[in-house]
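Once you scroll down, you'll see the structures, which are given as structure tokens.
Note that chain A is present in both complexes that follow, paired respectively with chain B and with chain C.
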Partner chain A sequence: MRKAFLIVLLIFSTSLPQDKKPGDSLNLFSPPNIKKFADYLFCQGDYLRAAGEYENYLKTNYNDTVEFKIAVSLCSMDKYSEAAGRFADIPPASALYQLSKLEFLKTYFLKGSLTEYRAKYSAAGIKSGFRYSNEAESLYNFSYLLNDGPLPDKNKFLASYMGSDRDSAIKFYNWKEDPPHKSALAAALMSAVIPGLGKFYTHEYWDGVFAFLSTGILGYLSYSDFKADHNFRGWLFAGLAAGFYGGNIYGSAASAQLFNAKVNFDFTNMLKNFLSLRNYFIPNINFCR
Partner chain B sequence: MKVYLKYFLPLFLFAASFKMPGQDALHSQFDYAKSLYDKEDYYDAVTEFKRLLFFDAGNKFGYTANEYIGMSYKMGGKFSDAIRYFVYSEINAANFDELFTAKINIVRANILRRTTDRALDLLDSMHVQKKFSSKTGDVYYWKGWAYIFADRWDKAAESFSKTDSSRTLEELCRKVERERYSVPFAEIISHFIPGAGQFYTGHYLSGLLSLGWNVLWGYLTISAFNAGRTFDGVMIANFLWLRFYNGNLQNSSKFAEEENIKISNRALNYLQYNYSGTKP
Partner chain C sequence: MKNKKAELIISVLILAAAPLVKAQIKSSENESRWVKWGKADYSYEIKDSFAQRDFSFDEKNPGRFVLKSLLNTYWYFISDVDGDNCSFNPTCSEFFLRSVKMTNIAQGTLMFFDRFTRDMDILGKIGHYPYASNGYFYDPPSLYTLNKNKIIYMPPSAVVSNE
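Presenting the complex of A and B:
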């Protein structure tokens, strides 16, 4: 009986301190636990809450990785200005300093103001002893593909790309240099000469056929009615023919503009997808292994 | 026996009085998160319930915390997130009541998200499961609500009629169904008399205009045929009369649909502010 009692007592005596031992782990708001929880939220993609928890952690402890993760969270929520500020706060002594510079530039790139981005790039002094100068330059060159300004020299543009990135860069550069656009004026003139031709030019074949037939038939009917002294119907068909004719000229010009808008939209989408897949040429750090 | 008592009773009392620190912390956290929920601070409530779940290694709060997170998201209008957490609560349900509540929560969030087909599928699957046979009334009740949000007021009335306590809702649904315009009827009468569908839905000016245009182009078509100008007649019919005739048909069904939306919205508005029973 005593043996049993002693065994039970022994079990209790060993288990009780273990419950207390994690001590802080049971304090849900202790800094290490706040960080653990924030890491969990960050990896779940709940960036708003993760950033909030990391901020709470920073109140008592400084950690450059946490600062970096706050910036990444803000950037993931499209809060680019705040994210840039946080990336800029990473001190030069940090192992993440160089990477944060890249991320800092990326936030300005994503912000959309390419002039501002280029000014930041120039001010960042990337060329002098920067570990990721090639990556930074790769993204910088792509900024020329996203606006309508003059393109840099092709060889200079392609210098920073290697392998499949280079192939993609060549494809994008060529497209930007000579985009497959249609002229709205040419489309309108074509339709003025032969109704529907402008629509053929912008690859709207059925619209072209319809415009040609409707204008032709209505014009003929107008002529035929006037000839047969059916003046009311003559004017009616003439009005309809004129409406179709004028509408087709306008429609052809509009169709060329739509064609160009679609081409530009597809190009921008392809470019953005490429950059997103390549993580804007920034080396990937997996914080959620 | 006395020996057992002598040794084990003090030990038992000691063990029983001992508070596990982890459990205490989790319970306090639950109380804190719930207080935030009660104060309608849903963002922070979600954060704190998530924290509770993260540290709840024994998954003691798996059902309740997920349910509260789901409800907080629902109150914030984030129905997809709400459904995700209601599903987690369903997975963690420990008994029949919890399982049923979780399922109904998923249905209610689906109704509000307007994925009513999904809500009805879920309710149908509950309907055929024997374990929910005691809850048939509730299933019909939520089916009624799903049909309301699917704009099928007749089916809603039918579902409410199968419950014991939803007479008000049944009557309201029947009233709405009576007030609604028949879209096929509006279109059919416009086939025979252009503009009649617009008159039926109370759009008299539009109806008159539609009738006028159709009479004009119809007259010109027929007069062209009478004058032996068949091709003229075909072209006027094709380019003018048929276009206005089709426009008249489209208009009549569009007006009927718009009026029906107004009627439904009035009813939903009434339900939101005046109906005191359980709502999605």
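Presenting the complex of A and C:
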């Protein structure tokens, strides 16, 4: 009985592979399978290998969606120049053409050179009959918030934003118009009046306390030494007290500048996070449903 | 009865062979580790950051020559003997030297006194400065020259590796 069972099992197991024809579905390198694999990698966020597989696919078949996905992959890997070239290659007949123009501008925005980005925006001819002109303008206006140049008129700036985007745009515009900076001169003057006060003004509370203590203690030591006719020690402590006093005035001004740098850094990060969450005002296409 | 004898013999053989097999596995593991990673030369010596001090003189500028002489004396006779105690990178004396090089003797001295005040602050440093890769608070003089363009702000969460 056992022998018979083993024989049947052996026959059954050897017969299984013969049912499948070697060829179509087992050919992992057929163009549809390459595309399937590339789509999988793309949806997993493995953009480097996805782009490579899509390139292999394009060798045999042209597909504008694949071209678009290659560009998106390159952009996700911060290869902005290459991505811009790929987005520019999308033909006008493609359904993704208008979207690729938006993405093309986004790559220049992310590249960091805002002058170059603005030049590309002007050259793209967005305003004349472009489906996503509002979205493009929204991102374009945000470029003014990222550099130190003059801001456009508020109404003109806010014209392209709707709903919650408008609220955020107002908040960012107001911040840029009147940033919560500290004055270096005010900080220095405060520390000149009371040592350490300028550091309090720039939110460096403990530094302010120690500046007050160091100047105060050294000043007192100098005073008491002069009083006791210990002139050398008196001058020594007076010199040190003067050094700490001057250093604190200087340091308060420097601290105000550093505070402003921190405020700008936080603002830029907040702005970039907002744009990233809003996908740079580009309509989202979900390729991974 | 026969089965019991056979089981007994097999058990004895397994028990006898087990340590040999274990030793074999261990040695092959070690061998593969040596081959794979190379032998590491362990050292528990604490490396002195001041062993790499630059005691050279700036002969072109007389002011800096005097300052460097004073700093070299301080490093050689006081700081190196006292130990690696400054919680900042660069250290206060190094900061002073760099400040003077970046600005001038007057501004550099003011920057040094401000730095010394911040160094005395034992309560507000943590969570305020980024870290250098050697574990000290990173606080370069370029942040305090009053030149906005030289300020490269780094958040406290950053770790600076090239200092």
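Here is the rule we go by: the second predicted complex is superposed on the first by the 266 of 289 C-alpha atoms of A that agree within 3 Å, B and C clash if a C-alpha of one lies under 4 Å from a C-alpha of the other, contacts with A are read in each partner's own complex, and residues count from 1 in each chain.
Operating definition for what follows: a residue touches a chain if its C-beta (ideal position, glycine included) is under 8 Å from a C-beta of that chain, and two chains touch if they have at least 3 such contacts.
Note that the structure is predicted; figures quoted are calculated from it, not measured.
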*Tell me which partner A:49 touches in the superposition: chain B (first), chain C (second), both or neither.*
first
_Of chain C and chain B, partner touching more chain A residues_ = B
*asked:* Quick one: is A:178 in contact with chain B, with chain C, with both, or with neither? Answer first, second, both or neither.
replied: neither
*asked:* Going by the contact rule set out at the top, does A:153 touch chain B (first), chain C (second), both, or neither?
replied: neither
_Under the stated touch criterion, which partner chain does A:221 make contact with: chain B (first), chain C (second), both, or neither?_
first
*Looking at the overlay, what does A:257 touch: chain B (first), chain C (second), both, or neither?*
second
*asked:* Let me test your reading of the model: by the given contact rule, A:37 touches which partner, first (chain B), second (chain C), both or neither?
replied: first
_Contacts for A:233 in the overlay, against chain B (first) and chain C (second): which applies, first, second, both or neither?_
first
*asked:* Once chain A of both complexes is superposed, is A:204 in touch with chain B (first), chain C (second), both, or neither?
replied: second
_Applying the document's definition of touch, where does A:26 land relative to chain B and chain C: first, second, both, or neither?_
first
*Pick out the shared contact residues on chain A: the ones touching chain B in one complex and chain C in the other.*
214
*Using the touch definition up top, name the residues of chain A that touch chain B in the complex.*
1-2, 5, 8-9, 12, 16, 19-20, 25-28, 33, 36-37, 40-41, 46, 49, 52-53, 214, 217-218, 221, 225, 228, 230, 233, 236-237, 240
*Within their complex, state which residues of chain B touch chain A.*
3-4, 7-8, 11, 14-15, 18, 20-22, 24-25, 29, 46-47, 50-52, 54-55, 220, 224, 227, 229, 231-232, 235-236, 239-240
*Residues of chain C defined as touching chain A within the complex*: 107, 109-118, 120-121, 123-124, 143-146, 148, 151, 153, 155
*Can you list the chain A residues touching chain C in their complex?*
184, 204-207, 209-211, 214, 243-244, 246-251, 253-254, 257-258, 260-262, 264-265
